[in-house]
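Can you keep this structure in mind? I'll have questions shortly.
Chain naming follows the written order as A, B, C, D and E, and within any one chain the residues start at number 1.
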Amino acid sequence: MARSGAFWQRLHRWASPPGFYRLSGRWVPWLAAASLALLALGLVWGLLYAPPDARQGNSYRIIYLHVPASFLALAGYYVMAVAGAIHLIWRVKLADMLMSAAAPLGAALTFLALFSGSLWGKPTWGTYWVWDARITSMLVLLFLYLGVMALRQAYASRETAGRACAVLALVGTVNIPIIYKSVDWWYSLHQPATIRLTAAPSMHPDMFKPLLVMIVAFYLFYAWVLILNTRAEILSRERRAAWVRELAEEDVT
Amino acid sequence: MPGPGAGFAALLRRDLLLAWRRRGEVANPLIFFAMITALIPLAVGPEPSLLARLAPGMVWIMALLGTLLAADTLFREDFLDGALEFLVLSPQPLWLLVLARVVAHWLVTGVPITLLSPLLAALLALPGSGLPALVAGLGLGTLAFSLLGAVGGALTVALGGGNVLRPLLVLPLYVPVLIFGTAAVARAAAGGESAGALALLGAITALALLVSPFAAAAALRVGIDG
Amino acid sequence: MPGPGAGFAALLRRDLLLAWRRRGEVANPLIFFAMITALIPLAVGPEPSLLARLAPGMVWIMALLGTLLAADTLFREDFLDGALEFLVLSPQPLWLLVLARVVAHWLVTGVPITLLSPLLAALLALPGSGLPALVAGLGLGTLAFSLLGAVGGALTVALGGGNVLRPLLVLPLYVPVLIFGTAAVARAAAGGESAGALALLGAITALALLVSPFAAAAALRVGIDG
Amino acid sequence: MSPAAPLLEFQNLCFERNDLPLFEGIAGGVREGDILQISGANGAGKTTLLRVLTTALSPAAGSLCWRGRPLPRARTRYLTELAFLGHAPGLKLGLSPRENLRWLGGLFPQRHGAAETALAVLGLADWADAPCAQLSAGMLRRAALARLLLSGAALWILDEPLAAIDRDGVALVEQLFRAHLDSGGAIIFSSHQQLALPGVKYLELAA
Amino acid sequence: MSPAAPLLEFQNLCFERNDLPLFEGIAGGVREGDILQISGANGAGKTTLLRVLTTALSPAAGSLCWRGRPLPRARTRYLTELAFLGHAPGLKLGLSPRENLRWLGGLFPQRHGAAETALAVLGLADWADAPCAQLSAGMLRRAALARLLLSGAALWILDEPLAAIDRDGVALVEQLFRAHLDSGGAIIFSSHQQLALPGVKYLELAA
């Protein structure tokens, strides 16, 4: 009982904006260093040393951006929705700040996945855009992100905006698997003569290893930027609080 | 105190009465829906084979747009004239009252569109074998549209206009309904089996029925403050 | 006393400012149309050749629905919050103020969809040769939609919604716009000549420009009595 | 539910807008037969406080008790015994007063069959079946007040009930208030006017 | 335009709803420095009469003259010299008070650059740039009254200008009225309250 009490106390301190701000301040340099190093490693490995593809030549190398970005675009939505749920149920302000930091980041990654994919489409399919199942569902995901961002921006009161966005994100969560499934189903139903996204057979290990590095690097990068965004959000919302003023004075002196 | 059924019935009655008083405005989208469908052959050419292929998708898109744009007023008016405050402060469960609003909306927009659809589909040369799937699918699908639209309407109720924000929130949620709905008609029209798609559509509608009233009620409690 | 230009400018400014406040971002209407376009392949299937034939009609219908249903509320809000009384009791000519409302409405709904239409048409695989006719036609046509919608909106404020025949008075005027508009694009996309259809479209728009502000102003003077 | 417990009691209420407190440390309550007037300048927060008391808004801090039970939990019970009237009358303009009372009767506990008399008491006998859009400002307000007569609520929370009401109407409202208090009810209301009622307590909000 | 002619004069006004007269044979007028209060019970027709006087509604019978000229013809001239405020404030809730005054300034003659002071006089200096949706009921009414200060209109026609206004606000409005009358203006207004102003004339409408 006493131990769990201590645990809750610690969690509470942690989930308070100043507590999180101090704690995360210690992680930021490590995360930055690790993600930048892995990004550099993966990019150099993937772009310079991995062998060219037998059919696609060098254009396939865009995969090193495209695939990690696609992974995180989806994972990012769940980060956002879980934060929203925590805010809605337990009224943890920090969760709301995390959520508002996660939305633009996820939207940017989704856009990167779409953009890199359509750049890739030109050499492989001969067109920037086809109505493929996965592409369509990615587009829908982008709209879900944009909806959350637009809703937050539309409310004058932060308090209200946060809870409204949480409701929307949660409804979206229920729907994402359904949307993905249905779009896949739609695709297999119509069976157009276009190329399948998963046409590439299992990859050569020399191509795959740098991809793995890039994926890990993107996860770390995501965590880093998310924390930076959240810290900025904390400062802007708590700018009137005493601890932020003290912090600013420390910085000045 | 009146039972929960009383609140549901009272609100449903009220909304149908109001719709009846304003039947011109209610009929507006419906007449449109019919006129535009009649114009489609002008836009894409009169070949029956082409029209028949397009028919399921076109009718569904029209139904979607019709319900979507009408959903704007789902909670907005109640908000402006203060009636929404009564709904939120009623001892009745708010989700049930939301459901009454949604059912009224569906009866006024979705059901007429559904009933009208065989005529429109016939104009677009859809083979008769597709009609049952079209009607059944639209009946379920427009209910799902109204349910999901209510969540968007509740989230934007205090925001003024909301005309453009709300569709942005809601349209992504409409995707599965649209896919299964059109698939059912297309298959049935091609002489195939549509029961699977309709069953999935029914499952989605059932899920929306389970989730939306609660989500919309939560959104209303939040959104009432502006 | 301010000249008539001042009233026009003040009202236009007001409406654009309100639109800006409400939409938060100007991007929202664009996202809306992009999203509906994305739903079309889901409904009718992804084949480019099929989409291309459908593209002119669909883009036009979306433009029409977007403008029309928004136009129903063109004067409703001003009526409810009392601002309409100020318009009617202004020493400025009422038709000019009505025109300002219409132009603002067009700038906010018609113009964005016109500007976006090449992108949407491209997503729907419309051949490039159809694009100029699409843009020119939509520019003119959406203005005509807004003008005609204003008459409908003024009548709604004036007469209440109880009359089912009322939409039928205004709706038929949209039909020629839609017919000539889609015909122009379809011809141009097929490599033909679209100038004739566009000229007719221009003539209709000019006629609407001449008649609508006066008709709407007259309806409003009647309508402020409720 | 001890008989000694006040009907509504609130302590240390604080409401924030964008992290700035609009009011803080507000306390008070009403017992059976009590009438409490919230006063204060325009923008002082009267409407906001009344909405917090109805639970439509949640306070940033502080507690509310209904008949001795803390409020977020006793909410349904509280709402069945509460009648609220805000700035906007909440009547549908397309429906008649009678039709409006009818749908409200489905949402809130209401005595049966009394709509006729309630409207007559408020001077709307001839207008019971006209659409509310045709009523004058004061008549619309009267129609909204008719609901109070129908409800068996113990507590009335009213935001500017006298707005747009003529002088005879004010006297009528005072009489209705007195009857409600005499029958063991309580009233919390805001107004810029002074009522000719004995024993009104005040809660002054500073701007 | 004889200097002796009253500003507004009306004779034998009759207004009908559904062929039943709401009021008949109403006559009166205001000269420079005059203030006329329309009184009467709820539904007596005060709002309707004021709207007839602004020309928003047309009477079934009777005549109106502005500075001695019959009204349907002298309408544009009349409207440039009239400032009207109805039940609904007519401000767009999405815009700030300052922005609202600005668009109204395009529609009506308005003195230049005084918006700042007008809002400050009405106690809205801090709220000049907040959206009107965030104002309380009384603050919104005050913003609507600010327009009167800006306009150079000779005649003010006001429907319940004191609604939702607090006690300090009423004193302020009385002061504004006095200043307008002293500068040669005239006022016609309806209210259920009594103003502390000398020389108010009354026009009582029977219900």
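In this text, a contact is a pair of C-beta atoms (placed from the backbone, for glycine too) under 8 Å apart; a residue touches a chain by one contact, two chains touch by 3 or more.
Everything numeric here is computed off the predicted structure, so don't read it as measured data.
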item: Touch-connected components when chain E is not counted; value: one piece
item: Chain pair, B-D or A-C, that carries the greater number of C-beta contacts; value: B-D
item: Mean-CA-position distance for chain C and chain A (Å); value: 38
item: Between chain B and chain A, distance of the C-alpha-averaged centres to the nearest whole Å; value: 33
item: Geometric centre distance via CA averages, chain C-chain B, whole Å; value: 24
item: Approximate Å spacing (C-alpha centroids) for the pair chain A, chain D; value: 48
item: Where chain E touches two or more other chains at once, by residue number; value: 87, 93-94, 131, 133-134
item: Residues within chain C bordering two or more other chains; value: 21-22, 24, 28, 31, 35, 42, 45, 80
item: For chain A, residues that touch 2 or more chains besides their own; value: 140, 143, 146, 150, 154, 156-157, 183, 186
item: Interfacial residue positions of chain C with respect to chain E in the complex; value: 1-2, 6-11, 13-14, 17-18, 21-22, 80-83, 85-92, 97, 224-225
item: Complex interface listing, chain A residues touching chain B; value: 88, 140, 143-144, 146-147, 150-151, 154-157, 160, 163-164, 167-168, 170-172, 174-175, 178-179, 181-183, 185-186, 189
item: Chain A-facing residues of chain B, complex; value: 151, 155-156, 159, 165, 168-169, 171-173, 175-176, 179-180, 183, 200, 204, 207, 211-212, 215, 218-219, 222-223, 225-226
item: For the chain D and chain A complex, residues of the former touching the latter; value: 16-19
item: Of chain D, residues touching chain B in the complex; value: 54-57, 76-77, 79-80, 82, 84, 86-95, 99, 102-110, 131
